[in-house]
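Note that the chains are named A, B, C and D in the order they appear, and that numbering of residues resets to 1 at the start of each chain.
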Amino acid sequence: MNLFNKVTDYQTARSVFFDNMTLLFGGFGGVGTPPGLIDCLIETGVKDVNLVGNDAGFPWIGIGKFICLERAASLIASHIGSNPVAGDLMNNGKLKVEFSPQGILVERIRSGGVGLNGFLTEISKGTQLEYNKPLVKIGDREYLYEAPILGDVSIVYAKKADTFGNLVFDKTARNTNPYVAMAGKVTVVEADEIVPMGELDPEEIIVPGIYVKYIVPSAGYNWKWIWEMPGKS
Amino acid sequence: MNLFNKVTDYQTARSVFFDNMTLLFGGFGGVGTPPGLIDCLIETGVKDVNLVGNDAGFPWIGIGKFICLERAASLIASHIGSNPVAGDLMNNGKLKVEFSPQGILVERIRSGGVGLNGFLTEISKGTQLEYNKPLVKIGDREYLYEAPILGDVSIVYAKKADTFGNLVFDKTARNTNPYVAMAGKVTVVEADEIVPMGELDPEEIIVPGIYVKYIVPSAGYNWKWIWEMPGKS
Amino acid sequence: MGDARQIIAKRAAREVKNGMVVNLGIGIPSLVPDFLDPSTQVFFQAENGILGMGPTPATDADGNLSNAAGYPVTTLPGASYFDSAVAFGMIRRGCIDISILGALQVNEKGDLANWIVPGKRVPGVGGAMELAYGAKNLIALMMHCEKDGQPKIVKSCSLPVTTYGCVKKIITDLAVFSIIGDNLYLDELMPGSSMEEVKVKTGAGFRIASTFKNND
Amino acid sequence: MGDARQIIAKRAAREVKNGMVVNLGIGIPSLVPDFLDPSTQVFFQAENGILGMGPTPATDADGNLSNAAGYPVTTLPGASYFDSAVAFGMIRRGCIDISILGALQVNEKGDLANWIVPGKRVPGVGGAMELAYGAKNLIALMMHCEKDGQPKIVKSCSLPVTTYGCVKKIITDLAVFSIIGDNLYLDELMPGSSMEEVKVKTGAGFRIASTFKNND
């Protein structure tokens, strides 16, 4: 018996989501966002979710599908330009949006994921994106303090997983996924292919399985990209 | 003509070293420290070098060979236990040693390498390793500030490099090398194998070539490991 | 205006030199590769985790191989994939030789505004702040004026600023400006524009560069 | 003393349970795997960048595949290689179920001293501070006394502290202690030792655990 087998079904995965949770999602414009877990999240009926991820997806793609249901309380993201519904919800006061510079956001997730207590940067200093973040003076220079982010739950999309949760990604679908995987108190991975332990080359593994709680099989993207839709692009 | 070809010889590599430079070196107990570049460094005669790396190697292994020549002014490392000469030089006031927790040290190098301005942690707070690092209060907790580290020169050991400097490492010889590569103002890579651009799978590349200035061919380790020496281990 | 965008992109392509690492923003900047001499050897970087992007694939587009705008691309020999933290690490670290971004406003000191029109468009900042902070050279591309005729080159940005003092060059459908220190210099007039038109339609004072030329 | 080290390691092996992720320090902890039931499924992590270490290779040792002490190892199915930042990321993040470290002194509050003997040994701290900070369970292994008879379990550490309040269990050649809150509890006497001997040779007061047993 393999004690380290983390493969499960969507029924079990569903049980990790709860109202008011902080949910970290991998993906960049929906590329690398786990389609099966998004549907699974939608089916649970959970609400008042605090989302953290690169962007708001598109209304029919990635986290955008969930945002359109008005069950997210807040979103920390670098942009929402591809999801006008998110913009409307924000303007109507139905979704609290905190914008973060894109690379700073992934570093905040990483900082949580690697057990550090945040970092200092000059990026966004003096702009509206300072919000009420502390300023820290080191020597004669002043920096913005960026706090670490941890998720109650993280959802991740991988190309391959072994049963321990060692992960390999596909091209630009890697993006924020490795750090989202590290920063979840409970990390659930959707994988296109699940293989036995020992089948992945230790050298090719991007995320060691130690961070993963559950693995579910993927049926692949179930949406059309904007460039596949005549007239939209 | 390939504009991006960075392959050169040791004669050229030699010219990057200078007195008083800060030199970052990859490797962990000598594993992953570039043997040819260490000899090249020794041959230059440069002195008063400020070293930063995981440890002091062994007297006959890695950076230890250079340290034994008393041409290092200072060393930031996590331990010097495997190099008694370094301990003697420290005790005689001939080598200034700053100890850092091992993982914190590599994060300091990473912080420099990714263009951030340092980070906060509780590790080593209240111990002798605080040195005079600033304490930063965030909310009601106090953290130690760890400053970023950049090198005037970084030396790195890779298993494979393409001519652009895309790097692949070998097993536990990876260790600090990726971040040392990122944090050098001038990064020189010694590689066991040098291949044309296009021969590495974009997915297997650990360090993108953008960080690399020069690549030299390696003749492999030219020392014996302690476990190869009867009576020493 | 389609034509004006092409003209701006074409002029911007001349700033891209052999051997450079280049990051292109969405909008007009994404048109720049169409105007590069095919012999130009450059690495295109995208903040979603790729260095060494090639052209749009003729067939067999792969949803998992896209640029930062989400559109399919290909890779060239020497390309690498990496995660978002590595992508922005190289941006902040100064590894990008030239970043070409779209802009809403630029002021005479090189302050860039391109992420929000309060009450109207709130797209968010994406990677613009880091690109503006880290790139060795930042070029802003935009139409010279708003549709209603308001100048977009201004004395002081009325829109929230993305990054202060970062823009080195502005290319519009009417002119090319450089920003040196806190001063705006007119480098070139674009074909068909005149000094008078540029003076009227520019919301900030400028000097004439010693290398000034009229592209007409 | 060789025998005493084996006895300590053998007792420590009983703390390693099926399914755990384990990090072993140098010295006595490195002997622990010799005493594990071969059916035990654990992942050994090493801070030089490997998860899933197997035993020392019988032949064909590879200089580039070693543990944190630099000695050759092998890998088991499911193993991964990673860089030092990822290695310590998992340590600080609390992914290590049990960290077994050698110690110079431990006090009654669980403060660990294991990195420096001022004026004598100055090896440096290595990864001990992070392991002590992050591991879910930290066990210190050491001889009960110095060679000159001085106790190593003390009221207050005379040596510079590595990490405060981190040790959960101490295993020596004479006894096993737990630290709960600020109190030291005697859990077990090791074979051949007596309550009197332990009392005399321990530099801190302790209580007897409710689960106390004599391994004799």
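In this text, a residue touches a chain if its C-beta (ideal position, glycine included) is under 8 Å from a C-beta of that chain, and two chains touch if they have at least 3 such contacts.
Everything numeric here is computed off the predicted structure, so don't read it as measured data.
K.L.:
Could you work out how many touching-chain steps separate chain A from chain B at minimum?
P.N.:
Each step joins two touching chains, and the minimum needed here is 1.
K.L.:
Looking only at C-beta pairs that count as contacts, which pair of chains has more of them, A-D or A-C?
P.N.:
Higher contact count goes to A-C.
K.L.:
Compare the CA centroid of chain C with every other chain's and tell me the farthest one.
P.N.:
So the farthest one, by centre of C-alpha atoms, is D.
K.L.:
Return the distance between the CA-based centres of chain B and chain C, expressed in whole Å.
P.N.:
It comes to 36 Å between the two C-alpha centres.
K.L.:
CA centre of chain C versus CA centre of chain D: separation in Å?
P.N.:
Centre separation, chain C to chain D: 56 Å.
K.L.:
Could you give the separation in Å between the centres of chain A and chain C, each centre being the mean of its C-alpha atoms?
P.N.:
29
K.L.:
Which residues belonging to chain D are in contact with no fewer than two other chains?
P.N.:
50, 81-82, 85, 88-89, 91-92
K.L.:
Which chain B residues reach two or more other chains?
P.N.:
107, 114, 116, 122, 171, 202-203 - these are the residues of chain B that touch more than one other chain.
K.L.:
Give the pairs of chains that touch; include all such pairs.
P.N.:
Inter-chain contacts occur between A-B, A-C, A-D, B-C, B-D.
K.L.:
Quick one: in the complex, what on chain D touches chain A?
P.N.:
Listed in rising order, the residues are 18-19, 21, 41, 43, 45, 50-52, 75-82, 85-86, 88-95, 134.
K.L.:
Once bound in the complex, which stretches of chain B touch chain A?
P.N.:
Listed in rising order, the residues of chain B that touch chain A are 107, 111, 114, 116-122, 134, 136, 138, 141, 143, 145, 147, 171, 202-204.
K.L.:
Using the touch rule from the top, collect the residues of chain D that touch chain B in their complex.
P.N.:
It is residues 46-50, 61-66, 68-72, 81-85, 87-89, 91-92, 115-116, 122-130, 133, 160-164 of chain D that touch chain B.
K.L.:
In the complex, go through chain B and note every residue touching chain C.
P.N.:
Within the complex, chain B touches chain C at residues 2-4, 113-116, 162-164, 166, 182, 196-198, 200, 202-203, 205, 208-211.
K.L.:
What residues of chain B sit close enough to touch chain D in their complex?
P.N.:
28-32, 54-55, 77-82, 87, 90-91, 97, 99-104, 106-107, 110, 122-124, 126-129, 170-179, 206, 221, 225-227, 233
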